[in-house]
Amino acid sequence: MAHEIRRFRSPTTEAPLARYGLMALAFLFLALFLILPLAAVFIEAFRKGVGEFLAAFGDPDTLAAIRLTLLVAVIAVPLNLVFGVAAAWAIAKFEFKGKAFLTTLIDLPFSVSPVISGLVYVLLFGSASMLGPWLKSHGIEILFAVPGIVLATIFVTFPFVARELIPLMQDQGTGDEEAALSLGASGWQTFRYVTLPNIRWGLLYGVLLCNARAMGEFGAVSVVSGRIRGLTNTMPLHVEILYNEYNFVAAFAVASLLAGLALVTLVVKTLLELRYGAEIAAGRKH
Amino acid sequence: MTTPAAVSVRWRLRQPSVIPGFGLTLGFSLAYLTLIILIPLAGLVWRSASLSGAEFLAILTDARTLHALKVSFGTAFAAALINVVFSVVVAWVIVRYRFPGRRIVDAIVDLPFALPTAVAGIALAALYAPNGWIGRLLGFVGIKAAFNPTGIVIALVFIGLPFVVRTVQPVMEEIDREVEEAAATLGANRFQTVFRVLLPGLAPAILTGFALAFARGVGEYGSVIFIAGNIPYVSEIAPLLIVVRLEEFNYAAATAIASIMLALAFVMLLVINLIQAWSRRRYGHGA
Amino acid sequence: MDVSVRNIRKEFDRYPALNDVSLDIRSGELIALLGPSGSGKTTLLRLIAGLEQPTLGSIFFGEEDASHKSVQERHVGFVFQHYALFRHMTVADNIAFGLTVRTRSERPPKAEIRRRVEELLDMVHLSGLGKRYPNQLSGGQRQRVALARAMAIEPRVLLLDEPFGALDAKVRKELRRWLREFHDRTGHTTVFVTHDQEEALELADRVVVMSQGKIEQVGSSDDVYDRPNSPFVFSFIGDSASLPVTVEEGGIRFEGKETGIAPGAGDIAAGEGTLFFRPQDVALVTDPAAPALEGRVATSRRLAGTRIADIDVGTPERPHHVEIEVPLDANAAGGASIRFRPTRWKLFGA
């Protein structure tokens, strides 16, 4: 005898109405705060057509800003990469006193306002500092020059690679390395042929986030740069200048390049997570 | 080889290991950390310590400083609160429901991590300004959403969103379905199960997410200044006031405000660690 | 409360997890659902609880058709394998949960709830631990909290899903005995799922043996062990050996040769079949003229008071492997030939 089945709802889900309501709420929220702002960047950039958009990149100051941003990233990212690997090696592969404290220190720049990250270098190298007059008399320019911008960028992007690698390498333990060493590999060979292949995707992930932040940093760089057009203007700073001059199309055109970089970062990040989810999962836990 | 007794008595920095490179990697890490982070931060602390108590107090009790701090803390708190509510909904929808494009929605949550703050700032200003798409709509109902504290809250909601979602999401994913079924067999309806069983279980993660979003919001600069209007005593945030003081070469004031904000950042860091430790001790898992 | 499961079919993505299952559970009975993983035992338990909905068929609680009742309306006590305790609540709050979620008109006053909780804590021997959090308890204690929590709502039926599965062997044995006593004291109709036959046979009034979404046999421990009604039950419960045989002229033959035994009552009377017997139910045959099963010892090992021999019976080209118990004084060295006959057996048609 076949019974007619009343609509059954699993005890672990909401009624359809609540479900659709929650989904609508979530989508509306994301649309208002994430999707529309992102769309606005591109729409504003092309508001007056492709010609105007491209014209923005004919400006030598804009090109100088793009060059400077790339230069800063090319210096800052590799330095933080080397630091990240070294710190992760020391923290993940060894037990030593003060390890937890060191890990907290590495995360410190995340908790500091970008403006303060810039301010500390102004206080260190500025004209009112102890170093300032000495630097000036020797003709070394740090503040309102490229070195200051690089330093501030390194400060704010400091933790990215390390904090991606530390949990990942802690998860992997030391067994592989001990096996390689017992087979006669040197320390460098062990790192190159055993550790590095194990961490490469997590490393790429960290570098990606580090680079996105390095190219996009605004607050810290703004404090130390002095915003000299064509000389110490990075792309985000140039966006601000153009925007404040009511040159909206150019401002959004430069901004759209940065937004494109952000989108590429997100896409690669998502692909990495899909493809190598397990290998980098440890790094995602906050 | 040393005898076991000798080993146990001697204080040692690290436990023995056959893996090489400890001195090199730790030495380099410490040197780099000291040069890039610690010395500059110590410089700030030293500078603010060299201010006399009276000077310090005068700067902090200056009406403009007080207003800026109030605006920063107030808007960051409001934005973190809004984020807690909506981010929990967003995380729930991503974790629990299956719909086309779920992966894209999941990925887009990280946008505020990846998008430069200045870009976010001008985009939000373009949208929420009185002549922007959303600003115009809000204007009809009499809401002004830019160039006032409301605009700051909007920018900080954008910035804080992924902090709460990404803190809550992994904990939500680990919710044991059996726990919900147990609540149902005991007679709890869905509402009771969600509000009395699931959400309290997520509380440590939600609190941590709140603290992270709040801390980030207080210090945020780039995304805020374009939409805030930056009117002293009304919509001027503390980080902007630091910049203003710097441009006036008033290093003492910039340092004093910065040291207060730095102190707060450390307090938040401590609070987050305490929440995690408490949650681990009580429930046997981190937030 | 009796529970009657009538012609239940349950499909997951078109794949039937249960196929036309019927079962009558008597009031006050302690019944075990036993089977290998994938046999549908947990699905059946979840259907009774209302955590799943059957594709076809109905479930009665007493005279009442509960098929369309939600899990909340069914008033069943369910204990999960991994306890499913609310870890942000104290033990006392966990136990009180089922009472505090009732509507205002049905909810007992606070003092009454507190009294009930104390009573239940006492019943599961956890007095004084009410203020602890689940994280601060051992596995066995957590499982008892889960049981107390389920009992708090005065359930009509108690359902336990692999209640001892996550515990270590020693605690499992203790808790098993304790559950039997608990059941005898409270008299609740109780159904538990297990894949551990020892647990089912020791604990249950009746055992329901399941395989591939069907019930194979329902009966007492003696029934399912001594009188298995299918090849599956015979081989699933206890150790067993099986051989392909034929029945000719009233005798059982193996590879055409007489074995000296004949079909019993209920066995097939002619044709091909499979002979089942247990290792301990054999006797060695010393008279070379008497018919018997003949084989060669492959290996043998000493096991406490007996010796277990692995025997290859039949032609050397196609040997059949069986395990039997042999007396300690018998020659069971590797390669020795051995002749034996089952003393108790069961013959199933091919």
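For reference, chains read A, B and C in written order, and residue numbers begin at 1 within each chain.
Assume contacts are C-beta pairs under 8 Å (C-beta built on N, C-alpha and C of every residue); 3 or more make two chains touch, one makes a residue touch a chain.
Composition by chain, UniProt nomenclature: A = Sulfate transport system permease protein CysW; B = Sulfate transport system permease protein CysT.
Quick caveat: nothing in here was measured; it's all calculated off a predicted structure.
Asker: Taking each chain's centre as the mean of its CA atoms, which one is farthest from the centre of chain A?
Answerer: Farthest by centroid: C.
Asker: Give the chain pair, either A-C or B-C, that is connected by more C-beta contacts.
Answerer: Taking the two pairs in turn, the one with more contacts turns out to be B-C.
Asker: Measure off the straight-line distance from the CA centroid of chain A to the CA centroid of chain B, and report it in whole Å.
Answerer: Centres of chain A and chain B (C-alpha means) sit 15 Å apart.
Asker: Take the average of all CA coordinates in chain B, do the same for chain C, and state the distance between these two points in whole angstrom.
Answerer: 54
Asker: Measure off the straight-line distance from the CA centroid of chain A to the CA centroid of chain C, and report it in whole Å.
Answerer: Going by mean C-alpha positions, chain A sits 57 Å from chain C.
Asker: I need the residues of chain A touching at least two other chains; which ones are they?
Answerer: 11
Asker: Where in chain C do residues touch two or more of the other chains?
Answerer: In chain C, residues 51, 71-72 touch at least two other chains, as defined above.
Asker: Show the residues in chain B shared as contacts by 2 or more other chains, in ascending order.
Answerer: 181, 184-185
Asker: Using the touch definition from the top, list the residues of chain B that touch chain C in their complex.
Answerer: 176, 178-179, 181-189, 192, 196-197, 200-201, 203, 282-285
Asker: Within their complex, state which residues of chain C touch chain A.
Answerer: Counting only chain C, the residues touching chain A are 7, 50-51, 53-58, 67-68, 70-72.
Asker: What part of chain A is in contact with chain C in the complex they form?
Answerer: Of all residues in chain A, those touching chain C are 1-3, 5-6, 8-9, 11.
Asker: Under the definition above, what is the set of chain A residues touching chain B in their complex?
Answerer: 11-15, 18-19, 22-23, 25-27, 29-30, 32-38, 40-41, 44, 79, 82-83, 86-87, 89-90, 93-97, 102, 104-109, 111-116, 119-124, 126, 128-129, 151, 154-155, 158, 174, 177-178, 181-182, 187, 190-191, 209, 212, 215-219, 222-223, 235-237, 239-240, 243, 248, 251-252, 255, 258-259, 261-263, 265-267, 269-270, 274, 284-286
Asker: Can you name the residues of chain B that touch chain A in the complex?
Answerer: Those in contact with chain A are residues 13-15, 17-22, 24-26, 28-30, 32-33, 36-41, 43-44, 47, 86, 89-90, 92-94, 96-97, 99, 103, 105-120, 122-124, 126-127, 132-134, 154, 157-158, 161, 166-167, 170, 177, 180-181, 184-185, 190, 193-194, 208, 215, 218-222, 226, 239-240, 242-243, 246, 249, 251, 254-255, 258, 261-262, 265-266, 268-269, 273.
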